[in-house]
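Please go over the structures that come below.
Each of the two complexes below includes chain A, the first together with chain B, the second together with chain C.
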Partner chain A sequence: MAQESHSVRNVRRWIVVVIAALVLGLGYPLFWGTTTIYRADLPYEEIQQLTTNLQHNIQFRIPVYLQVSDPVPVSSTQQAFNTRLSYTYPELGQLWSVEFTTDSNTVDSHKDYVVIVKKANVLEDSFQISPYSKMIEIFVSDKTVADEYIASVLVDQVFKEEIQQLLSLTTNKNHDTISTVMPYSSDYNIVFSLFVENGVEIDWQIEQSIELFTPILDRLSHFANFSIATQVQYYSKLSKEIKYNEEDQAFVLKPSDLTTFINFGDWNLFTHDINPTINFIIFFPASNYDNKPWKIEGSKKNSFLVPQWGGVHIFNKELPLIESSKVTLTEDELIPVLEVFSSQLFQLLGFVNSPKSPSIRIDTLSRVSTYKNLKQSLESLTSLIKVTNSLSEISIPELTKEYVNKSLDYAKKAIEKVNNDQDYLTSVTYSSLSLKNSDRAFFEKEMVQQAYFPSEHKLAVFLPLLGPIGSIISIGILKLISDIKKDRSKAKKEKSE
Partner chain B sequence: MLISVQLWSIVLLMGSALAGEFYNETLTLKPLPRNKLLSTFNFDINSSPFTLQYYNSSIDKRENHHYTYFPRALGPILESTNVRELHLRFTQGWWDSDSWGKLPFNGFKSGGTGVEVWSVIEAPNIEIAKENWYKLSKTLSGFFCASINFIDDSITTFPKHAIKSYNNNNNNNRKYYSNKSNKLYLIRAALPSEPICTENLTPFLKLLPTRGKSGISSLLDGHKLFDSLWHGMSIDVYTDCENENQICKFKMNQSVNHVIDIMRSIRKGEEGAIPKPTPGEKLRCDENKTFNVWQCFPLNDPTELDWSLETLYGRLINGPAFLNDHTGTTLKVLTNRDYWRVTAKQNRKDSIVTYTLAGEENTLTEILHDQAKYDFNFKTTDSSQVLPVEIPPLLVSRSLTGYSLDKGGFRVSFKNPSDQDSIDFLYFESLPWFARLYLNTLTIKIHNSTGEFSGKELESEFIKNTYYRPAIDRSRPSHLELLISIPANSTIILTYQFDKSLLLYHEYPPDANHGFAVEPAIITVLDNQGKDIYELRTTSLLLTLPTPDFSMPYNVIIMTCTIMSLMFGSVFNLLTKKVITEEELEQISSQSKGAKIVSIIRQKLAGLKGKKTAKTTTTTTTTQTEPTKEPEPTEGTSTSVQPNSYT
Partner chain C sequence: MKIQLNIVLVTIFSILTVFVRGDINVVNTEEADHIISKSKHTNNWAVLVSTSRFWFNYRHMANVLSLYRTVKRLGIPDSQIILMLSDDIACNPRNAFPGTVFNNNNQAIDVYGDEVEVDYRGYEVTVENFIRLLTDRWDPDHPRSKRLLTDENSNIFIYLTGHGGNEFLKFQDAEEIGAYDIADAFEQMYEKKRYNEIFFMIDTCQANTMYERLYSPNILAVGSSKLDESSYSHHSDMDIGVAVIDRFTYYTLEFLEKIDKDSKQTMDKLFNEYTYENVHSNPGIRYDLFNRNASEVLLTDFFGNVQNVVVEDEGEEDILYITNHDERGKLVQFNQEHNKSDESYQIDFGYEDVESSQQITPMTANFIRGLGLVTGAVVVGLWFVST
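Showing the complex of A and B:
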């Protein structure tokens, strides 16, 4: 048998090696490159770092101006306050504190907190929080203990609810007051609806009455924008019939009835808007025409709050009505109802109950919301990372990355605003933008949609190509190796011989 | 004193504000020939006045909006997309012009088959207008549970002349845009394959201030309404502004029109939804023809009828729309009073009141103002005696021509039934991009009492004006508008050809072999001054496109892969292995380890078999010996013997 020449055999061996190298070096990247899913690089470490250190990164240092008749060093007050704060709330850490400054006389008490200490001949030390501005007046008999008293007033009165809310946020406790609060948005719709039980037309002077809300909403305009709409709906029956209670001479709504009071299916309540809607409903029962009132058990103002949704008031007309004539709800009748709604609005937006001063309330709310938004935004970014890490087949589009980066940028800006300028209204806007972008990143359409080409599918389609080629090449390589081994052993034998 | 004056001024202000708001509803019933009934529900709603504002996301202070009758569900949608006019049509079925005559409302409230949307949008440029249009279509889609969200560039048109905005058609130059630098864009799209059903009716009713709970809308029930020969729902909203200042109102009109087959409704009421064979004694046979137990030539439907609204709708009218409004709800019957008697029946809490409707000439009118359940009974001695059929000014039919999968054509015939007047009309057609229209193939043929004529020169004679915007693949439909003048008592036939194109794999719908609906063409008949007087639509058409086998891509991939690996395998082996002859192979294989093992096994097997073969060989030898004993030779001998033995 004619043995092949050595060079030909070498060429054949080289061919096997070159083809194997080509398939591995060119084919595999090509296959990988054409069938792989795009996964943008997300800033994993940055998000984790921000999430774990949020409580330490953000530092609320609320400037408080001290006005004392004769100048005393601020440091003693500061020290007294710090001791008091760390004693009462040791978990708070560096997150929240107050910085005392002496008054430079140019302070606007609507913008900044001002503590005025007055010496008075009173038996007991007392204080007064202005209902309009951020001014706190303190009356003390003895100046030596004034520091202690100022600290206790601030910690236990002025900022009590704020600190508690912040603490419940940091410790992830689901506080009752927080669950009634609407999720934060920079725009809200407020809808006042008059739901009439029967089909007798009613005029309501809502256009004039609503003016009551304008100053309130104007003051909130830094916090969020509100757009108001009103509507009247007739033939709005309850989903459940309410029985007449002879004892009370009224239709009585029990607390258990309130959960099913709103007939979501039938009443026109939907809004095709991305922004959350706060609903205020005035229900006008048909029994008004029989002069039979409705009562809500345990409610003086005949109204109740629906958490994260809105408020309801049941309207009882005082005078008996005639069915054939058009009824008018006058401004005088509506104003008390709208006052109830305005306090419900504060509750729904998450304002603290005390102190009553609106500027303090808004200030407090913006700090709490800033922290809450940042926390939520980082939480959703963290869960985004979890999702992308656990699903290796999910695609991460460039847009998601963009939104993540934007969200992080805004979060950093918000933190910066708080730490450097203590500018809470700007920081709440930034934090809400961060939240919005983190939601967008998470719900990016291309990412959420199912992987179009799962890897099993990919393999199944290309198996007719990959299978034979792979097996041919691997067999070729095996043969090559065995040939080389054989040659070597032969060469050895020849040598030894 | 001062307070009282202020109060008075507030009351006055309220009064003036309320004067603008308005709700009115009318139900018109018109018996048609051959026991059909056209019923028209019409609802008019005016919103309270508001200041027109151009909405964009940067606006911080928004107007407060008050909705009394106008639905709040629709208001914010219109506001946020800067829609100044919105028209929606949901239609299904075929209007028989020959026997039913003119369309209700002269066709202005009837759409083509499927869903049709057009609106006027205020925007600084066309891009923003489109953006708002898609936003609008998405929200409307959610609201009406229809696939309006499928509207995209490829079916959106900007009609030039055929469809007019409310303002243009009424020749009033009231401007209803808030910003002088903005323009108004009229945008239209149609979805001809959209089915219309109950889930579209429910949101329609929710737009009404009565929400279908009282007034004439309480009759509307999806099962009965959509069980009709032809039905259409329409919603028209337009902004009506006072001159100069921007105090505007939304005026909304909603209507439901449908043609009921009375006999069918009566039969359904008696027998239920599943039809049963008529028993022998109930058969109505023509006694002038052969008529016995076995044979029966059926008569036409009976003409002496007695039916009520409850027979048709299965419900009663639940009082007026509003209990204290005494003029808001009206019922009208248009029929020949000599043959028809209409009685109203009021089911009150404690009594039933019955009375016959009165009216002038051929119109019976009843205003519903009592808190009672109303039913209206129709009794006739001859149901064929109805108001004379009004012949529509133009009869149009459109059909597809051609049979191949790569090209096709349209044939549209217009017939002017009038004996004296020639008619001008606008023909609007929007074809999907995958039907590539060739306008040069347009031919015109006229057919009148003197004969039939055709030729290119006729084109300029009858087609007075042409507007054509060719299609762009996947991003624009072809858009054709023709102003045609048709002489009295003649028929014009237009034909034009198109090529069908192949779609991309993912562009085919799930039921691609069903065909692709081509939206109805719109014909607007004009009067001497160029005003619209009648509008009609052709039927939609079903276009079959060449449709691939959808498993094809996978087959191709797998087939190619297999061939490639086969080729690769053989080339690879040729390159890496030496070619040898068969003898060489045998030689090599006999030397190889495997061959040695095989030979050893063989030898061993042979050793084992050695004893057995001794037996088998004997048997074989015996069997081999046997054939020698076989009778052939003996037979041969016998045959050779036989003749001998005879001899």
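Showing the complex of A and C:
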């Protein structure tokens, strides 16, 4: 083998070094940069802290104004109330309480709780909660201590269900039963449908009648947006034939018939919207023309409720109908049905059953929903963290982090509104925004796990690419090293000689 | 003496165990009587997926369409069924009966007949879309009908059919989903409370390997064949020219055809159909993730939509009256009075527009322009150097 010249040898060595450096310096970063998964840092500790301390961080202090004929110090009423509350619900802690203030007739009972104590010659102490406002009137005789009685009325009557709902939320007890309450959303559709069994034209004065819902929905504007729609559908048959019962002189629907009453296959229900829909259905049977009524077993109102879905009423026309003339369901006929629907709406949205006053119930709903939303939002964030920790291949985009931070911000704002301003209406809105953002964080489009590949698949993909190049480069480097070593030993020998 | 003592001890012990066992038995049966295990769900969803392409896979499309027809018949609304159909065999040029799909050679039922709403068709049926569907990670403008909008009250029936192997299922002749991918997707669903219970059914070769990696609770899984076993078709239609249905699915359908919307038939009766004689492979059932016993699970918990209803004797009757009138019985005009007085909680819910145009990395317009100029200069320079 001819001896290669010194300069050629040097160039050859340089080429090997440059290529190796290029592969390592350019190839590896490129490979690393294109194959690593972006994982933004999520505020783990903050989420954890908020989650564990939620029950202690949030403190509901409801202002109650006292109107007493002879001035009594508020502190004694407050003390009586606190004793009663901690005695009845010892596990409540600092989460919920009432703050009494004396009132000089200036407080609007539509906005704030007002307790009016009247001394009267009554045999038994009594109370009355106004159904129109947040006014509670208490009648006591001269002998009884008013404080005790006020405390018992508030704890055991006015706020009873509210406290119980909050407690069940803190202890996670509500998972065993099927809940009627719709999952919370910041937007709902309410759809009133008239399903007519046959094809005879019918008219209903629904547009005038649903105006009656405006006051309630207006007062729920902090809770959610509601959009109302109505529709009439003809030839809406039941999936099952109902038999005429001679004894009752009616078509009788048994509870077992109701579970599959709604004909999802054939009826044109409102299903195309992303937001949850609350369905209210009036079913108008063809037998109305034969003057044969329908009855739902066990229901005086001829209606039933489908949990988390809506309500159904079966309409019996009182007067006999003539098939040739157009039938109209008048406003007067519809109002009793709409009353049923409004009561069902209250159940579906999670209102408490008592007291009667919508003002108090909306208030209670606001407080309970604030807590519920915050809890759910933090649960979502916690599960997001769990998922990202357990799946190392999933990417965490920057947007997810943004939404997480936003969700935490809104959660803090909601807590602040509750604790500092006692503003329970704004706090629901904030808690709802927190919930929305936590969902967005979890459902961020880019956050999709790379498909799982077994390691032998990866080897099979990369080996044809890296094998030939890698082997040539590594052999070249080995050769280079051995050459250098040979040269050195040669030089040493020459020196020693 | 010692031996005698031993014998005595053993007898005492065995008597004791008999007693103890007897006790446990008594408790168990009593419990079983009391706990009529009721599913806690309020809504039902179904995800039906066929994953293979081409005419000779006619049977996979027929499998899925038959199950679609069945769950719809049993009451799951179309809006709650996600149908993924990987090929359009009804309009395949080789179809002797254009526009139809039959699942039996008697050609009694055209399963592609009326009102079939296919949510994902053809090349939309991909691994990514399936995973996205389960975890609900989509663009905000993804249509509602193509989304699985379940919550913690939903029971989901998931059916997959196609060509599978050990721990994978092939999608579209191009890619495959692994058992790990499905397991991780289910775990994410569980963490986000996207289901109450899942019934996972898979009819492919080596199907049982697909559910073995699952680790999230409340999942009942069945597969048509074990590791290294093929899953077979039931029969061919000589006029159509290909096999029209798979054995496992055939016997599932045959059983489901006999039940009604509000049937009280339980899951174990369906499982009894899955014998080697019927299916010609060894179907597997995985119970360990599931809380309830198959004999207590109604078929309608997954295949139907039986709703618990509340019949009230008397509800409230005056909510609308109260909210529309004041103490004196006068009609109240809430609209004007209310909106103005409480501005504190008039917070705008519609803030999406602001967020959708958000910049993640803040850059000024000048910076972007400069970057463009530099890039242009580099490209032109490279061109000069190369010529």
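Basically, the second predicted complex is superposed on the first by the 401 of 497 C-alpha atoms of A that agree within 3 Å, B and C clash if a C-alpha of one lies under 4 Å from a C-alpha of the other, contacts with A are read in each partner's own complex, and residues count from 1 in each chain.
Quick note on the criterion: a contact is a pair of C-beta atoms (placed from the backbone, for glycine too) under 8 Å apart; a residue touches a chain by one contact, two chains touch by 3 or more.
Predicted, not measured: the structure shown is a model, and the values here were computed from it.
Enquirer: Contact-wise, after the overlay, does A:Thr271 reach chain B, chain C, both or neither (first, second, both, neither)?
Expert: In the superposition, A:Thr271 contacts both chain B and chain C.
Enquirer: Considering only touches as defined above, state whether A:Thr83 meets chain B (first), chain C (second), both or neither.
Expert: neither
Enquirer: Touch check for A:Val191: first (chain B), second (chain C), both, or neither?
Expert: first
Enquirer: Once the structures are superposed on A, label A:Ile15 by its partner contacts, choosing first (chain B), second (chain C), both or neither.
Expert: first
Enquirer: Look at A:Val200 in the shared chain and tell me whether it touches chain B only, chain C only, both, or neither; answer first, second, both or neither.
Expert: A:Val200 contacts chain B only, not chain C.
Enquirer: In the superposed arrangement, does chain B or chain C reach more residues of chain A?
Expert: C
Enquirer: A:Gln249 contacts which: chain B (first), chain C (second), both, neither?
Expert: neither
Enquirer: In the overlaid three-chain picture, which partner chain does A:Asn225 touch, first (chain B) or second (chain C), both, or neither?
Expert: Both partners, chain B and chain C.
Enquirer: Report for A:Ile472: first if it touches chain B alone, second if chain C alone, otherwise both or neither.
Expert: It touches chain B, and chain C stays clear.
Enquirer: Determine, under the contact definition given at the top, whether A:Gln94 touches first (chain B), second (chain C), both, or neither.
Expert: Neither partner.
Enquirer: Residue by residue on chain A, keep only those touching chain B in one complex and chain C in the other, then list them.
Expert: The overlap between the chain B and chain C interfaces on chain A comprises residues 221, 225, 271-273.
Enquirer: Please name which positions on chain B make contact with chain A in the complex.
Expert: 10, 14, 17-18, 60, 62, 64-69, 71-73, 75-77, 80, 139, 142-143, 206, 209-211, 213-214, 319, 321-325, 554, 557-558, 560-562, 564-566, 568-569, 572-573, 575-578, 580, 584, 587-588
Enquirer: Along chain A, where are the residues that touch chain B in the complex?
Expert: Per the stated touch rule, the residues are 1, 4, 8, 12-13, 15-16, 19, 189, 191, 198-201, 203, 205-208, 210, 221, 225, 227-235, 266, 268, 270-273, 323-326, 331, 461-469, 472-473, 476, 479.
Enquirer: Tell me, which parts of chain A touch chain C in their complex?
Expert: Contacts found on chain A: 130-133, 176-180, 183, 186-187, 212-216, 218-219, 221-222, 225, 239-240, 255-256, 258-262, 264-265, 269, 271-274, 296-301, 303-309, 335-336, 338-340, 342-344, 346, 356-358, 379-380, 383-384, 386-387, 390-391, 398-399, 402, 423, 425-426, 428-430, 432-433, 442-449, 451-454.
Enquirer: Which part of chain C faces chain A closely enough to touch in the complex?
Expert: So the residues of chain C in touch with chain A come to 40, 42-43, 72-73, 75-79, 127-128, 131-132, 135-139, 144-145, 147, 149, 151-153, 175, 177-178, 180-181, 184-185, 187-188, 191-193, 261-262, 304-327, 332, 334-335, 338-339, 342, 344-347, 349, 351, 358, 360.
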